[in-house]
């Protein structure tokens, strides 16, 4: 049996010199306040065991990790029709590029670049009439706890300064690929990004991706097994900005990062893992977090490759 | 002495089969109502003579021709500092492309693509606190008449449907190349485009470009002689969307077209000319209008080349 | 124990209606002669068992599948220094695009686009003084048989008509990213692509990728275990042209396709599999072959996700 | 009557501090040997007068200025059919970019970027069976002297190191837009660029562009008057790399520059002028030469705008 606790301790020891290194995302003013010294990690196995280290219980802004969960909702709502409005290919360009969108007539390359997540938010809005409360409830269902919430200050901060996302939303609208008012879609989007969760909560929320689409125990099915597989394949090929190849090469797990410094990764049929440390590398992924995951797959000998 | 009247009649006769051909711009709903059968042309000489034919006295939506006049105001206000925020090179891409803007960090290639004109509107707004009334007054000064006005229905229609321009404005803002609120800049921009003027008025308004920067008679100076020369060179290299080379090749005059079907062209030291016919060719320039100008430079033997 | 034989028969039955559909690659004249009715498949397990169906013993032109093997040689020769000359990210553009190369100063995005494979060929040439015989010998070592050979008619045909590859080679040279004469590199490259092998041979040759870098039995190590893992991650993120996401989504295995209609795929710690059918889908991957692999992972329940 | 002599002297005085500034083109090794201290200028009027200053009689490598003359030959040979293989629009990208060519399926944007000039060379080769001697003879006809020649050392140097031009040629070939062997086209192209001429000779050679397509005196017609006009319009919109707008803005004449430091400019119905000084500005145009032409149009009061 895998000694996850020992492995987490070894990782913690080894990445410590990296914690505090890298850049804190400061383009969202509210995020710039966070201490760079934070590091937490939580492993949730499909057998129901939880292993943690460091600041694993501290809430942080999950930012783009939310794209995994909103995509999951959109797959529940739309099934494969989703793919007429969003592609499934790596973008080869920055996560907020408008170039790809122009060349490909308003179809975002995948659901994990910002343009794709805006379309996902639009879909949720169209189906459920609301894309804030419904997402909150979904997150609470995944985590099995009621206190998950948005950080309204972060959402507000991002809305006030996120001119590039506004450009993306209006650009999508100009191609007819948003059905709702761009301001409503942007409002939903920044709230999704502002979800405030701990490593423990994110790891628990993502366990259905390791568990063939189901929550643990008898807590029900989120998506079909093959849909969980599909989401994992998308995470691997598109989940870590323009460092997808590097992340697959070094970590070897499907994963999704956020500029808040969190990363959710999944080992199918085994575990989900969330790591958090605010300092980012040049690709916008957590510097210490990426290293921690790399050590994790090396030390456990578990990667999908 | 040039027989302009006879030449206009010959042109009218020859382009008649083309009038009604081409596409009416229908992306701005209000513009789609116009009759495609219209054709008017007016020549204003620097000696003060005016020659007209057809629907030369009928008002139309000057759309992008307004970019010539707002650029002129921005040159009055900023002088050469203007060129730190806008380039002076042909774009090589569509007039509303976001690609160029992304690759060149938010500096529009020239003042005649939409992004450039949005920056121009922003400059006017910053200097004068208002970019609607001030532009109206400038146009009234140029035309020497008080009744020039916006077509608010056209402005409203463009504002409601111009999602791509909104994308451009927010994109510029994200690069820090708008100082005002994007919604205020967009409001100003669509009003500029909605200016409703006749061929006679446009030709008269543009005469300073042929007259070394001055109005006719003793009506004063608009820009310095070398600034008028600069504007003409920009018109030639950037004034007709992505048909700049073709227009220079066929017509051989600095010119600016609008999707309302109007074209203003200038023969330095001789005349300004405005032609209007709503049907557009594949490049978005008036089909009959471009042909009329081509005939005009052939029959007068006057082109800058 | 998995009933591979029964699964292959079920696949064969189900894909039959697709065999003969799709386009045969005809841009290499010699490849256009092949019968579109071919279909073969071979599974090689790390326990040493071999399962086959259809035309699994018939030789075909492996084309870009060769890029897996030449990359492996380059990793043997250069180790991680390789990545200073080639990236590891999905390209987001066509396999033979020059655009990416221009924007990224002559560094190919990954070793599986043509530009990357040309650099790989250049590396082999520089180290071994020869990039034809050395590759043949490597392939014979992998397959454990002496009769693997190039199809010189195919190589010649591709050399005569491959102007775009020539453009890529000279473009790389202009950036200083080829050390040898472009004509020598092109000669090596087209020979690599012309390797003529059967499904059985390709599956056997690729088994080290499933077997932690080692040949079966006591036949030795090709690359280190972590290098095999790296190659698999590159295959998943970059191996199937601009259908990487779609292939990961549908098949869920690291794989490399060729325009000859072959696909090599790998299930780490389990098996390698090669399928061949000449008709290609819109992305340039074997139509029946992709479907066969999709069925294979569905029926075996084995995918990396 | 214009005091050209006095104006040239004034210019010479004023630009002296700039002579020697800027970068010498060193990507063609043979060009790197030239002294940066050279400056010459020659004005040829259509009345047959010649005015010179400085090193106006010294031969230099005309490089891309040759594109004006080979285009003229292609227009003689093909007329308007030429424009099915080459565009007439500003490129908006670097003179040797492959990006534009890929996006526009192998049709160069205009005849003055390298790709366009390669197609022009191909046309001459196809029509005349030779594109070296025929071009020499044409240049000798234009100059009225027999000793115009290629600089074979420069041609050889450019051929040996011009990998990017080779990439362009093979790329054009891959799109079917070269009819001859790329190596033959490249050989012709580098010879055209290697033409060694003085300012006096270049100005004289270009006089037909100012003189409605005719040589001076009774020496015959080179192209029709409207073809001369067309070439001038192309020079203005496409002749000075990606500084077309800036050159039109500052100089206001149709012109063509070369990396050897020469610039040919034309004032229709008045004169042709050639200036030479090897130091280049950031856009690849002669630094002192551009300034000299700017002063020339300011001091003569003659520009097309």
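Going by the order they are written in, the chains are A, B, C and D; count residues from 1 in each one.
To be clear about the criterion, contacts are C-beta pairs under 8 Å (C-beta built on N, C-alpha and C of every residue); 3 or more make two chains touch, one makes a residue touch a chain.
What you are looking at is a predicted structure, and each value in this text was computed from that prediction instead of being measured.
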{"item": "Contacts common to subunit A and subunit D (chain labels)", "value": "B, C"}
{"item": "Of all other chains, the one whose Cα centre sits farthest from subunit B", "value": "C"}
{"item": "A-B or B-D, whichever has more C-beta pairs in contact", "value": "B-D"}
{"item": "Length of the line joining the C-alpha centres of subunit A and subunit B, rounded to whole Å", "value": "47"}
{"item": "Interchain centroid distance [CA atoms averaged], subunit B/subunit D, Å", "value": "32"}
{"item": "In subunit A, residues with contacts to at least two other chains", "value": "none"}
{"item": "Listing of all chain pairs that touch each other, if any do", "value": "A-B, A-C, B-D, C-D"}
{"item": "Contact footprint of subunit D on subunit B as seen in their complex", "value": "87-93, 100, 109-110, 228-230, 232-234, 236-238, 242-246, 248-249, 252, 254, 268, 303-305"}
{"item": "Complex contact set, residues of subunit B against subunit A", "value": "97-99, 101-103, 163-164, 166-171, 173-174, 182"}
